[in-house]
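Given below, in the form of structure tokens, are the structures.
You will see chain A twice below: alongside chain B first, and alongside chain C after that.
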Partner chain A sequence: MSFATGLRCRECGREYPIEPIYVCEFCFGSLEVSYDYAGIKRALSREKIASGPRSIWRYKELLPVGDDVVDINAGLTPLIKADNLGRALGLSQLYIKNDCVNPSYSFKDRVVAVAATKAREFNFKAVACASTGNLACSVAAHGARAGMKAYVFIPADLEMGKVLGAAIYGPTLVAVEGNYDEVNRLCSELAEKYPWAFVNINIRPFYAEGSKTLAYEVAEQLGWRAPDNAVVPVASGSLFNKIWKGLNEFHHLGLIGPVKTKMFVSQAAGCSPVTTAYQSGTTQIRPVKPRTIAKSLAIGNPADGYYALKTIRESGGSATMASDPEIVEGMKLLAETEGIFAETAGGVTIAGLKHLVQAGAIKRDELTVAYITGNGLKTLEAVQDSVVKPVLIKPNVNSFEEAMGLKVAATGDTRRNPGVKD
Partner chain B sequence: MSVLVRIPSPLRRVTGGKSTAEVDSTRLSACLDDLEKQFPGIKERLCDAKGQIQHFVNIYVNGEDVRFLQDLDTPLKSGDEVSIVPAIAGGQ
Partner chain C sequence: MAKRRVMFTFPPELITEPVIYNLGLQFKVVTNIRRADVTEDRGWVVLEVEGREDDIERAIAWVTSKGVRVDPIGKDIIEG
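Up next is the complex of A and B:
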């Protein structure tokens, strides 16, 4: 059974039944799912969660779905104590939430699992989305699993890893000559015309709730407590707000103590409408034309940007941004210190974290969680020119030693590792 | 002359179900006033008390967000198309 009781307008508070709608008919504000928290409190405990499925569905009471879920095993990804990276950055309690390892290799599986489940409950025959890539992969994968048609709209200049990563599941894949904001606008018009479940449009209130599981998991994995700081890569702002909501729900339900988490936004400098608004002290988001290698974050007109600014204020956090070279450096630093190959958005998180530590916004001994939301194999183009090249040799020992500069030192110390990097 | 305005479904309650409207305005601000005359109540859904476009409303002229043009001062001419689109989430 579901504890979701209805939809509520985030602006005027008007209530609606649970239907595939996303905008208030009276004030045009966006809708958010309401729950019977008293019922959830009776049904849920730490023990109940801990003995649940090893996926996002261990928190099903806090998601707006019934019992028959579309499941490709999203979530319950590792939370890693990142001592090496922490040392490099000057942090003693740094954790990485590694969402690279979801079934379709990004955090989007969390939201799409909920959206696809809801689409099926609403009797839609097709799922659809406007996507910067990760969502495309996840919608196509969940569509395949649910036996539903999938219509996926992407900007035409997307990275090959994301195009193929969606195409493999056999969706109808449409590359639109335009940026994400244009794809999104097209889809919002298509959603009016075709009876498809556009996960991030007409299913949006339900879809967005899936991101809360990134808060629940971190709190559970930290031994039932909220971190001091959360650093989150921000595109539309939805994930950022839902992590904040999730932590506060856990506290409200008595599962964790008071939430003192500071929420930090990290954006790519080439697309930073939220950070720019924060830094200029306004709540008015000015849209931008994105120009960054972090294509997964290239949303120039962030729908939840206004609310993200509110979350920053409420939590006492702040916002930062990273240039393209810093993003690549961040990706490399994470890989070289912790063995995690994240996509460009992960580089934005790490580079942003570095700035926040340098600025004194995040202190050495604070428990800090950096969210890594997608897999590096999807954005190979971003790093292909800045990583070590293979050393080409003939298949014999001589050739190897020559290439390694070991030839003359055959009797010397061969444990050294000279010149492997170019 | 006339400008075509596309009305999204959540607003059609105000327009009596109509999905498009025609206005004779040379500026976006005047276009919103004309819409208000045709469909009383529509403007308060699109603009805040100060008359600025709400943060959760996107307005496009010929496919371009008016915040890249001249906001409410964006000029309109015959044959232009104005789209009103609710802000929606997505990305990554």
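Up next is the complex of A and C:
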């Protein structure tokens, strides 16, 4: 059973039944899911969660879905104590939430799992999205698992390599000729016209709730407590706000103590409407044309930007940004210190974290969680010129030792245990 | 009659111009503002534009040519 009771306008507070709608008919404000928290409190405990499925569905009571879920096993990804990276940055309690390892290799599986489940509950026959990468993969994968048609709209000039990860699941791929704004507008119109579940349009209130699981998991994995700081890469701002909402829900339900987490936004300098608004001291988001290698964060007019500014204020956090070279350095630093290959958004997180530590916004002994949301194999081009190149040698030991600058032993035998077969 | 829900974001130089009034005057569309935040140097308005489909298209093209950014009310929905 679901504990979701309805939808509520985030602006005027008007209430609506659970339906595939996303804006208030009166003020056109966005809608958010309401819950029967008293009922959830009776049904949920730390023990119940801990004995649940090893996926986001262990928190099902806090998601707006019934019992028959579309499951590709999203979530319950590792939270790693990052001592090496912490040393490099001057932090003693740094953790990495590694969402690179979701089934379609990004955090989008959390939101799409909820959206696809809801789409099936609403009797939609197709799921759809407009995407340049991660979302496309996740929608196509969930569509396949749910036995639903999947429509994925992409800009026509997008490199095919970017959509291969989605194409493998057999969706209907539609390449739209036109600039970003035209593709965006077309998809909004199609969502009004066709009876499809556009995951981040008409299903958006439900879709967005999936991101709360990134807060629940971290709190559970930290031994039922909230971190002091959360550093989050921001595009639309939805993930950022839902992590804050998730932590506060856990406290409200008595699962963790008071939430004193400071929420930090990290954006790419080439697409930083939220950080720019924060640094200008305004609540108005000025739309920008994205110019950054962090394509997964390239949302110039973020739907939840205003609310992200509100979350920063409420939590006592702040916002930062990282240039493209800093993003690449961030990706390399994370890989070289912790063995995690993140996509460009992960570079934005790490580079932003570095800035925040240097600025004194994050202190050495504070428990800090950095969110890594997508896998590096998706953005190979961003680092291809910045990583070590192979050393070319001839197929003999001398050539190897020469190239490595190794001193050749007198016997010429450099094996650890001569005479013993390795 | 068709309806389109849109968000206009105004650049500073257009704040003093009655753009939405002129939109209704020059094109056969009815504008219905639902929410707005306008200051002396910037602003946005969320509104519904009602009329014949081709009149709405022409009206949106005109307002865009004036320098107003026009977005769907869901804003950017192409995600990475």
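The rule is short, and it goes like this: the second predicted complex is superposed on the first by the 388 of 422 C-alpha atoms of A that agree within 3 Å, B and C clash if a C-alpha of one lies under 4 Å from a C-alpha of the other, contacts with A are read in each partner's own complex, and residues count from 1 in each chain.
Operating definition for what follows: a contact is a pair of C-beta atoms (placed from the backbone, for glycine too) under 8 Å apart; a residue touches a chain by one contact, two chains touch by 3 or more.
Fair warning: this is a prediction, and the values are worked out from it, not measured in the lab.
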Chain C versus chain B on the shared chain A, clash or fit after superposition: clash
Which of chain B and chain C A:229 touches, first, second, both or neither: neither
Partner chain in contact with A:182 - chain B first, chain C second, else both or neither: first
First, second, both or neither for A:29, with chain B first and chain C second: both
Partner chain(s) touched by A:130 [first = chain B, second = chain C, both, neither]: both
Doubly contacted chain A residues - partners chain C and chain B: 11, 22-23, 26-29, 108, 129-135, 180-181, 184-185, 188-189, 200-201, 204, 235-236, 283-284, 286-287, 296-297, 299, 301-303, 345
Residues of chain C that touch chain A when the two form their complex: 5, 9, 34-35, 37, 39, 42-44, 46, 48, 69, 71-80
Contact set on chain B toward chain A in their complex: 6, 8-11, 13, 19, 45-46, 54-58, 60, 63, 65, 67-68, 83, 85-92
Contact set on chain A toward chain C in their complex: 11, 22-23, 26-29, 108, 129-135, 153, 155, 180-181, 183-185, 187-189, 191, 198, 200-201, 204, 235-236, 283-284, 286-287, 295-303, 345
Chain A to chain B touching residues, read off their complex: 11, 21-30, 106-108, 129-135, 180-182, 184-185, 188-189, 192, 200-201, 204, 207-208, 233, 235-239, 283-287, 289, 296-297, 299, 301-304, 306, 345, 373-374
